[in-house]
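Labels for the chains are A, B, C and D, by order of writing; each one numbers its residues from 1.
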Amino acid sequence: MRFLMTTFMLMEVYAIVAMSLNLLLGVAGRFSAYEAALMGVGAYTAALLATKLGLSLFWGCVAGAAMGALIGTSFQIAARHMDFFTFNITSFAFQMALYETLLKWRGVTAGSFGIFNIPRPEIAGFSFTTLEAYLAFTTACAAVIMGLLLYIERSTFALALRGLRDGEKALQSLGKNTFALKLKVFAISGAATGFAGGLLAGLTRTIHPSMFFVYLSVILMVFVVAGGRGNLRGSVVAVFLLILLEQAITLIPGIPTSQIGALQRLFYGIVLVAVIMFRPNGLLPESPIFARARFPGIKPVEDGFAFLGRTRSRESTL
Amino acid sequence: MSVEAIIEVRHVCRNYGDLVALDDVSIDIPAGKFTALIGPNGAGKSTLLNVISGFERPVSGQVLLSGKDITDVPGHRRVALGITRSFQDVEIFPTLTVLENVLLGFQDQLGERLCRLLLTPRAVKRQRDQFIAQALAILKTVGIIDERPDEKAGNLSYGQQKLLALARMLPTNAQVFMLDEPGSGLPRPMVAHMGALLQRIAKEHGKSVLLVDHNMELVLEYAERVIVMHHGALLAQGPPDYVRRHPEVIRVYLARIDQDPPERADSGTPTVRTAGHA
Amino acid sequence: MNRRLWMTALLTSFSMLVAGTAVGQQGLKTGKVGVIVQLSGVSGDFGVGVQHAVEIAKQELADNKIIDLQVFYEDHQQQAQLALVGFEKLVDRNDVSVVIANASPVILALAPVAEERKRLVYNFAGVSPKLRSLNRWVINGAALSDRDGSELAQYMVKKLGLKTAAVLHVDDQFGTSVAEYFQNAYKAAGGKIVDVESNPVGALDLRTQLLKIKAANPEALVILNNIPEEGYSVAQAREIGITAKIFSNTFMMDPQNVKAAGAAINGVRGMSLQFDPERSPIAKEFATKFAKKAGRPPAITDVLAYDGARLIGEAMQKVGNDPRAVRDYIVKVKDWPGAIGKINFDAEGNILLDMSQYEFVNGKPVFTNP
Amino acid sequence: MNLFLELLVAGGVAGAKVGVAALGFALIFYTTREMHFAFGAVSVAAAYPCYWVVKALGDGPLGTALGVVAALIAAVLISIALHKYVYLRLRSVLPVVMASLGVSLIVENVIQIVAGPDIQVLSYPALLHIVEIGPVRLRVLEIGVFIGFVIVAVAIDVFLNRTRLGQGLGATMDDPEMAELVGVRTSRMRMGAYAAGAALGAISGIVMLVDTGLKPAIGFTLLLYALIITIMGRGSLRSVAIWSLLFGVIRSLWSWQFSPDLQELAVFALMVSYLIARDSWDRYQFNRIRPISRPASTVGADARA
């Protein structure tokens, strides 16, 4: 049972990160390869506050979210004009730079040892120390975050983000402040990722840099692409499905155990290529946010141009 | 020239390296009129549009909206002040539905603000429903594209996309609608439809329409006023009949036709030569 | 429809996964052991070697009619979260009593869970002194780095009179902690550290670091690295012209290091655990079996994992599957004959191994007991 | 001063080692605009056949030559197959990035399953012989790699600028549509670029095989440096060559004054900062009001198309 609970929590954490990556990559059309490191930033912030200052891990997570938002946003803003390829690579380099920082800033992060004995949170006298209690805590947090993200995904805000993906210039011509829009989406995505990192720190109670290596970023991309770019629900489904399948690989009789790890990675590679080639929109493709069919009750107003106003009697002459 | 100008372009210069796109241009766009801006390729029309809409900054000179200097106002904020535009390469949002494309045109949407989304979901919803009703009506009035509001905009035909680009601008309720080649590549009936719509927006609703196009049918039959540019400078302006008989204009356009790349003519619309003979 | 079918298949397979099956054989006592190591990724070779070692131990235990050890493997890919999931899975699905694991962060992550689940964690490779006395559910079957480092420092300063030294270490929990303890001990013994450089895990071109060390001109160079980085360090140090005496630890014994170092290995000295197939028949037998199975000679961690697995097997035969009893049995062994030499534990469950000095002569280590 | 010289040379050599791969990747990327993330994995995978052939036939001249040929063939075949059957079917940039990441995972782990995760080295004593030049001591291998890199870089430059075929390739890089119009068969050019790039990748794989050894996961690091240098090179193979050397030298010289411990961090941080600064500068230049100057057009800036 505890195995299921632990796996479930890990799925929740990954699902949050995959969703926030999807918000960037799928909805707003902004590639990002530093998600794992950003999660690390959140995890370290939370863990340090909890171990050094004795703050409840919940507030640590909140601080991790703030830190994630801050770093994600600063980077994205600094790089906002880059063309696709340059940005793509720069985000990989940024992942490496953050990872190296976690590894080398030994005075703070304790280098490759990482931080251990991270206390699980205590809120209003109730301590979430046992696995069951922490599961409740994580699930509650994840439910709130995922709920918010899903709510945002169906809003006019997300519509504007999709517009940003399709054409920034056009969106500006319609009076949208695309810079502010970017700022917001980077902040939301970074905050959710940072918070998830904090939750992970509480789950493992030990964190170390190699938990946040670039490989994890790639796996997160697999989740997003397989679930469906632009559909946050899809990311959740993909996280749960792929992790289950990954575990199921260990059940195949007759394969040598030394090959399981390689096979699992191979599996992710095959999923990525297969989805891109044969089901490019993913398991659950993106659907319109405001489909007419969803609002059968709304009737068009009488005169479509009435709101433009009427010409006054003042006839001008040439 | 006693026309009340809504946009005044004053001594605007703009160059791309050695290429001078606008050379000390001063133009008035009259309020509440359907104005067309024409000129051969490379005359600086699109650059002028970009400068007015704030997508490019002029090297020198000013842009005034109703007498107010807006030269330094960024493009997206000019929409609230009353200027919106379309693009030559359509630039609709291909993965959004037709309805969603139009919905994005509305200003001050509560649903775009995160705090309103979280704190006043009801108000957001109410406003959104209003906008949807409005958008559906716009689609209906614009016509042709209202059949399938849930169709992906990218799946529409080229002509329909041009109409959608127009429909999408309307909810901004700007004072000035600037359209970059809405008629190019359209079949003839569609051109007439587009022309009538633009005329209606100007005549019935008192909006200023500024059109840049090579389609002379659209320009000469529907516009009230025509501005001709050549080599980054103003060549002539006046009512269509005046402009079409202007000797300089004829000279420039005849020269243009000789060197016009063939794919321009495939729009199936009369070029200036036929219009000139009419 | 299709989707429902999928989900059913998935759920079925997953429930199978959780339930699992265990079948004993040959009327022997059975014991269940889990192994969590990295089996893929950047240092996947490490775990695969360990796997061979444990399999050899398992076979021997069965052949000698001691116990039918059932071993289950999990891959942690250097990530604490995967180690954690793996641990829970081993306990839930396979009901293992003991989990053999490596790497300090992983042990640190497993320690609280081991306590919650009342299972034993046998650490055969994590060397951080932070692992000392974590809790009563962790046994450290690897010599923690504080001892390692201080004995080497004593030897260098007191015995050989080397007053200045530079350190090159790998930037992981092992290298950093050994280096730190070595430096402290070296300074305490009256020596001077003139330069400390580190290299990332897996880096094979260490010239930059070595050039810096060369510029610092130490009397001795201490290399505390991984396999095969230590070998490359020695080769490259000589290649760029470092003439200082080179010292190292147990890992230098590893055949991969010896191979990578080439002729430069001669004259390298250090303190090592005694894994000497030349002198110990147990070691020789293991080395032969391992080479046959893995296609290469065993690394010292393979030996430690092998000894750990055998020791656990023996304990399980004697006291059954209760992790607590297993722990008490293991901690109390006296001079247990391992391939690594005589094995003892202190009261807190940390292994006590004899160290010996070595020097490479003609490409082979020559041991001299202190 | 000796330290400076030694670090300079070591950096140059390290840069040359990365440079061969970077040139190969850049050749592919500039010509096809496909971000071939599987490049590193394929390069490493290709060196394995070489290892097997040499192990089977012995490390005499024949075995070695056949091994190299085997590696080249493997690299070229895999790369062209990927281009033709995977990337070309995807059309837009993001799917290609994703697919190639997936391929990279597949290739890396297939090698691990087939060949095991251990390090494989081929050692040729002749290559390990040490040569002393002033205070600097180098192995023959290093000198060879450096010279080889210079030859490759110059050869590519000459090829692009002096030969008809090369000019066609250059045109394909600059403006594929225009090149097509003037009669360059761009699809062949792309195939050619894949073949040549893959061959260079295979060579860097072989260099690893005889130098420090090969393991499946090593391809990703190789790729990462090659990628970054390619983006820094902005469409010019000449600048890719120069950046490769500079990259190696900067990385190495960092240690002259600072701790090598931070060298990776410094390199990545510098690269991120440089790319951001370059981009902001471009933006500034673009927005700046310039009376008269040359219009800026580079691959880096308009690669989005």
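Here is the rule we go by: a residue touches a chain if its C-beta (ideal position, glycine included) is under 8 Å from a C-beta of that chain, and two chains touch if they have at least 3 such contacts.
Note that the structure is predicted; figures quoted are calculated from it, not measured.
Counting C-beta pairs in contact, the chain pair with the largest number is A-B.
At the far end from chain D, in terms of centres built from Cα atoms, lies B. Central chain assignment: A. Criterion: smallest distance from chain C-alpha mean to the mean of all protein C-alpha atoms. Computed from the mean C-alpha positions, the centre of chain A lies at a distance of 37 Å from the centre of chain C. Centroids of chain A and chain D (each the mean of its C-alpha atoms) stand 32 Å apart. Chain geometry summary: the mean Cα position of chain B and that of chain C are 72 Å apart.
In chain C, the residues that reach two or more other chains under the touch definition are 40-41, 44, 48, 171, 200. Chain contacts: chain D has residues 109, 112, 117, 261, 264 touching two or more partner chains. Across the interface of their complex, chain D is touched by residues 40-42, 44-45, 48, 171, 197-200, 202, 204-205, 207-209, 211-212, 214-215, 228, 232, 239-241, 256, 259-260, 262, 295-296 of chain C. Residues 31, 78-79, 81-86, 88-90, 92-94, 96-97, 100-101, 103-104, 214, 218, 221-222, 225, 259, 262-263, 265-266, 268-273, 276-277, 280 of chain A are the ones that touch chain D when the two sit in their complex. Contacts from chain D toward chain A in the complex involve residues 29, 33, 35, 86, 89-90, 93-95, 97-99, 101-110, 112-113, 117, 220, 224, 227-228, 230-231, 261-262, 264-265, 268-269, 271-272, 275-276, 279-280, 282-283, 300-304.
Residue ranges on chain B touching chain A, taken from their complex, read 2-4, 30-33, 53, 55, 75-77, 79-80, 84-87, 91-97, 99-100, 103-105, 107, 109-114, 117-118, 124, 128-129, 132-134, 136-142, 149-150, 168-173, 200-201, 203-207, 224-225, 239. Within the complex, the chain D residues that touch chain C are 2-3, 6-7, 10-11, 14, 109, 112, 116-119, 121, 123, 128, 130, 137, 139, 212-213, 215-218, 251-252, 255, 259-261, 263-264.
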